[in-house]
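Each of the next two complexes has chain A plus one more chain, namely chain B in the first and chain C in the second.
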Partner chain A sequence: MLKYLMKRSGIYLIMIFLTTSAGYFLAVSSLKPAVLEQEKIPRPTPEQVAASFRGLGLDPDLNPWERYIQWLGGIITRWDWGRSPNGAFVNAEFADRVLVSTRLFIASIILTLIIGVALGVYSAARQYKFQDRVITSYSYLVHILPAPIAYFLVQLGAIGINEAVGERIFFVTGISTPGIDPGWPAFVDMVAHYAVPTFAMTIFGWAGYQIAQRQYLLDNVNADFVRTARAKGLTRNQAIRKHALRVSFIPVAQSIAFTIPAIFTGGFFAEAIFAWPGIGLWSIQAISLQDVNVATATLAYGSVIFAIGAILADFATTLVDPRVRVQ
Partner chain B sequence: MSTNITPAERLRDAGLYAPGDAVLSVRDLNVRFNSENGVVHAVRGVDFDLMPGKTLGIVGESGSGKSVTSMAIMGLLPETADISGSVRFKGKELLGLSDKAMCKHRGNDIAMVFQDPLSSLTPVYTVGNQIIEALTVHNPTMSKQAKEARAVELLRMVGIPSPKDRLKAFPHEFSGGMRQRVMIAIAIANDPRILIADEPTTALDVTIQAQVLEVLHTAQEETGAAVVMITHDLGVVAGMADDIMVMYAGKPVETGTVEDIYYNPRMPYTLGLLGAVPRVDTSDKQSLVPIEGTPPNLALPVLGCSFAARCPMVSDACLHGEPELIPVPGVEAQTLGHKAACIKAEELSGNADAHKIFHAPPKPVSKFDGVARVERQKVLELKDVKKHFPLLKGALIKRRIGTVKAVDGLSFDIREGECLSIVGESGCGKTTTLLEIMEFHPDQVGEVVIGGVSNKVATDHKTTMAMRKEMQMVFQDPTGALDPRFTVYEVLAEPLENLGMPKAAIRKRIMELMKLVGLQPDHVNRFPNQFSGGQRQRIGIARALAVNPKLVVLDEPVSALDVSVQAGVINLLDQLRAELGLSYLMVAHDLSVVRHISDRVAVMYLGKIVETGDVDDVFDNPRHPYTRALLSAIPVPDPNLERTRERIILQGDLPSPLDAPKGCNFATRCPVFAALPAAKQEKCLTLEPPLASEGAQDFACFFPDGEIDADMLVVHA
Partner chain C sequence: MTNIIDPIAEIDEARVADQDVVIGKSRIIFRRFMRNRTAVAGLFIFLALFLFSIFGGFLTSWDKDTIDPLNIGMPPSPDHLLGTTQAGIDLMALIVDGTRTSILIGLIVGGVSVLISAVYGCTMAFFGGKVDATMLFILEALIMMPAILVVAVATSGSGGLKDLPSWLLLIVVLLFFSWMGTARLVRSLSMSLMQRDYVKAAKYMGVPSRRIVWRHLVPNIGSLLVLDFTRGITGAILAEVAFSFIGIGIKLPDISLGVLIGQATGQVSSFPWMFWVPLTVMFLLTGSLAMMNDGLRDAFDPSSSSIGRAKTKIAKKTNK
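On to the complex of A and B.
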């Protein structure tokens, strides 16, 4: 198993290297930070701009290949992902940004998965009954609702609660209140900040899992092996719970891989609306600021997240499906 | 379901009381389903009593209600099904029980084996887990060790080698035949009183079918259970059943002992069904008995006799009121149980000739019949054709770890007007052979000559097209082989348009073709789904014949069809061959069909021909042990013969082509090899027997007609 995971990781590492390199070439040949420098007052001369960029390792006179070698050399020898046009180090900001994004998304990723799959099973067991119709209609509604609107609605709701109570229970934006005492007050503050975005992303996120799990389970409810289980003497519900459920989870487990990077990229809206300056926001900003190194670093991060998701999916699949277990 | 009827009311409604010692009594069982086309009355009044330790065979075509009957007994029909009547297990009413109450009986008193072993086991649990589950449900206090020991015992009973290790294996690690054995092990886990087997061997190869039937036989002996055997194959039940119930359109139309049904049928449908089955044990070259038409639509009320529309003996009286299932008049006392639902049962007494009654066509005579084989031209010749697939391993860089020799040095020819059949178990290379012939590419290993054109010179499109005109193909699944969005006219016009035929000529040709295959020419504008299975296969045949080929390749042409429909298609193929002077290359697993239709036969095992010759020579006097085993595996629809004949039961499955033995391929399963002294075995293990001519046929064996190992011979007393 370990050997298999190592091998998969090796393959993904090569893929990450290739996508990141390709991303770098695309960024370096299309993003021109010098153009933005021209808007500064006093306007610097092209020579001044080139000189300052040369000091940052962003020499505009070198050709893309030379820049690539320089950039790659920095990463390999010093784990230095370069600097922004304003002089900031990518490495310094990267860790903070990743931490913010991870904190923002991790709870809702887990909750979405658990609630979505559970509701999928619940609604499949009650196909076409009232509960199923409510849950599944809700999921389809959420599917067509754009994320920004959904998040705003939750913010409005939270503000409404705050006003009704007459006290600020929930924070609708921001990560934490500056200058709060450590310990219990800091924890309460964190929960107050955490609640609204997590709630918003969860209740608008589980729809996909719910629909998929319901569908796959229904496909298996009348399978031959469920009939066999019933012929042994299991009741219909026991047979479904023990035999159909695990088989129906196999394709859901596989789809997880492709949901994690989707949350990462879709996270831009959540980060912007809830004012959590994470990596999604950073990547969009990098492009508007013509920042080659940051754009590439966020792209590399996206590839890594994708690879982790895919490995997790492989792992989950081998866990639930003995047919793909490797000897 | 109408749950408000009490068991007592059911019995009163059903009226008849059953004999006290019956384990299962079914009275006036009716099942109705709601469908888009209205209420389908799938089972219309089934009555039977099952005595302990006896076997009842329920025989019928698809849609006759035999599976629905079994599912109704098990209580496994969907909740929406409307079931009425009475099903009593040892006098206790089962209909109307809740799912939970029924669970006490399912798997404990009544167990079931289903048709498709590949999908009937849960893929994510081990085989041991699934057997133990059946034990746990009904014996919650049984210890874990005891359950495991019982599971091992069960696996051993059904003939799974090294059962202790196999407990931990998953279903995908078993072959189809092995999975069906596991299903039987699960079914007999709690020593049920009734075992229902619903087409348990339909999805399996003949040799594996023989093994599984043997296991069922053992299981019945071990548990003393009464068996309900549901099948469409009259051969399978002939040797097993004590009583037979023939079902048609949801109703039993004839019941009786096996002898009654097979030797003295009193209902035209039974008679036709028996005449429609080709026999593997006789070289009788009569046409088969075709039963024209299709079963009635059960969504509409049945007014007269349900078989009237297809019955050659029909008269006005048949159309007024459905005949009751009543004792056959004029029989002796010992066959009182023989009942038939036909007002003409008396007329059929004695030796009724199905061929005469059903107007079976005479055996067609071809213009080539009088010409010696060597004087006829070769339409297809294969010279040492090989197809080896490399077996690769590795994700990015592939390493070759072995070779699968799917087809390994095949040479044969087909002359004008003859039919050659290739037979063998699945995986022996039959289909690959057909694909190699259809491929027709100069880069192939070996030479394929079709109508005098060799694949070695087929370098341009024109030559290949010329070959395609010589040879056409008919596929196994008539539904899948026809584009559902094409009308029959478009299906048949396509090959003709490819040839650049003018429009008017195409129209004329299509009308000819429709008549040729026995379809109404004015149906050309219908879509394939408006035809029955047999008619669709006729369309497939018409499409193959459109371009006037000399050779037609038939890939299992009738295996997807019901027995009565199959006979009509086989007769058509016979007739076309004679009328048009066609040659056939057929692949089929049903050796009875092969014997009926072919002139020559080639038996394949692991990519090689092991025996070939004239069909009567090979079938009457098989020399190679594999051919002998294959032929012995075919059940014959003749109860007396079936009960007394010796069968060779091969051990295990077809070995993976990867670990093909060095000497004779068949040595690992060979019943003759097993009986040989060690000194002679050495020869089989080191040398490969060549395909050589001896007597009337060619075969590849050092010890033909050798003695069969006693362990692999079975006779049912």
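On to the complex of A and C.
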């Protein structure tokens, strides 16, 4: 098992290296921070711009290959992911951003999974009845609604509630109110900030789990071993719970690991709409400021997250499915 | 007689009754599709929107570059059927333009990515071995890359890519990241098909490879590809709207539904029509495709149970 994991990790490391390098070349050839410097007042001369960028390791006169070598050398020798055009260190900011993103997503990842699987089982047990039709049509409706627009509509709704009550119950943007007292007021403030984004990500996130769990359970409900269980005297619900549910959960368990990267991508939209200064918002803002190093660092982070998800998925399969053996 | 009905014998009987008419495959598919009411309604809505995006310009006497100084930020009126923006531009003209861009992106990305995934997947399955391993490695590496960041880099860059119009750039990037899932599916499906007895039999009978692919592989993965085409269109339209909404993707002066929706978010309470009209169009577009999806799947499914009038004939005979 350990050997298998090591081999997988090795392959993924090579892939991460390749995707990150490709990302760096794309970023370095299309993002030109010097263009933005020209809009500053007083306008710096091209020599000044080049000199200041050279000090940051962003020399615009070098060709992409030379810059790549310089950048890669920094990472290998000092674990230094470079600096932004404004002089900030990528390493310094990275950890804070990852923490903010993780804090935002962790609650909705768990809620989405529990609600989605529960609704999937509930609707499969009542196939083609009224409840099943309502739940499943909702899930299909979510599929044709782009995530940022869905979040925006939730935001509008929260603003509507605030206006109707005449008091600011929910905060629709930001992570906390500056200068709030610690203790109970800080906790209330935190809940008020978390409520809207978590709600939005949860109600638009469970659809995939619901459809998958319903489908897999329905595939198994009429299987021979469930019929045998019924024949032995179990009630329909007991047979589903004890026999069909476990088997149908295997593919869902696999997909759980893969939602980690999906959440990462979906998080871009949530962070952009709700103005949470996490890794997604950071990368989008940095790219609009023509920041090569931040763009590459976040791209590498995305690839790493994906690799972790994929390895976890392999691992989860061997855990829940007794038929799978790792050689 | 017993109550056991042999379905094959029944169908044979029905064929004899119909003077043994063999219906062509495409006709069967067409008929099956037309039997599904929801799917036909979806097709009509989609065609209507397509025609609207091409000929909709005739519904309004304004175009998207002309400012009407007398009607700035006005709600819908007889003069401007869908109202005007806060710059005084007729919203109808903008919607026509935006719908055209969105449909164009959807059709190109959906169509070409299906082709890429079919060719790539079949090549992997056909050659196997080292070729397969290398191609799979490239495919997985592409899946790993967060597409949204690449879209952002490609469309916000001020370097060499700036010369291309943003819709073309978005099409290229979306194409690059849209085919991997289906390619993997095609690969595993055609690998299992190659092991089937009828393919082996055809091989030993000396049927050329091209013919085997055309007669045995394509019909079996065809339904998957057609479904993936409509799903790809939906996916591309949704991706365009999502990316343009948060400011990456399509950039002005190009107009798309996502750009129109994104622009209107700042003033939903004061200019509601500017937000809800493009949103409704987007819903009609993606909704109509979703409605067609189910009908298409049923029509292309070789083991479909949708047999139309033949069913009633068999049912009648059973009752006798």
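Throughout what follows, the second predicted complex is superposed on the first by the 307 of 327 C-alpha atoms of A that agree within 3 Å, B and C clash if a C-alpha of one lies under 4 Å from a C-alpha of the other, contacts with A are read in each partner's own complex, and residues count from 1 in each chain.
Heads up, the rule we're going with is that a contact is a pair of C-beta atoms (placed from the backbone, for glycine too) under 8 Å apart; a residue touches a chain by one contact, two chains touch by 3 or more.
Given the structure is predicted, the values throughout are model-derived calculations rather than measurements.
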Given the touch rule stated above, what does A:Met15 touch, chain B (first), chain C (second), both, or neither?
second
Examine A:Ala27 and indicate which partner it touches, taking first as chain B and second as chain C; both and neither are also allowed.
second
Given the touch rule stated above, what does A:Met6 touch, chain B (first), chain C (second), both, or neither?
neither
Between chain B and chain C, whom does A:Ile69 touch in the aligned arrangement: first, second, both, or neither?
neither
Output check: A:Gly302 vs chain B and chain C. Expected answer is one of first, second, both, neither. What do you get?
second
When both complexes are superposed, which of chain B and chain C contacts more residues belonging to chain A?
C
Tell me which partner A:His143 touches in the superposition: chain B (first), chain C (second), both or neither.
second
A:Ala51 contacts which: chain B (first), chain C (second), both, neither?
neither
In the superposed arrangement, which partner chain does A:Val247 touch: chain B (first), chain C (second), both, or neither?
first
Chain A positions touched by chain B in one structure and by chain C in the second
11
So, in the complex, the side of chain C touching chain A is made of residues 137, 140-150, 152-154, 156-162, 234, 238-239, 241-242, 245-248, 258, 261, 265, 268, 279, 282-283, 286-287, 289-290
Applying the document's contact rule, which stretches of chain B touch chain A when the two form their complex?
74, 76, 99-100, 103-108, 111-112, 114, 116, 119-126, 133-134, 137-138, 170, 172, 183, 186-187, 189, 395-396
Taking the touch rule as given, give the residues of chain A at its contact with chain B in the complex, in rising order.
7, 11, 223-225, 227-236, 242-243, 246-247, 250, 320-323
Please output the residues of chain A touching chain C within their complex, sorted ascending.
11-12, 15-16, 18-19, 22-23, 26-27, 29-32, 35-36, 140, 143-149, 152, 156, 261, 264-265, 268-269, 272-273, 283-284, 287-288, 290, 295, 298-299, 302-303, 306-307
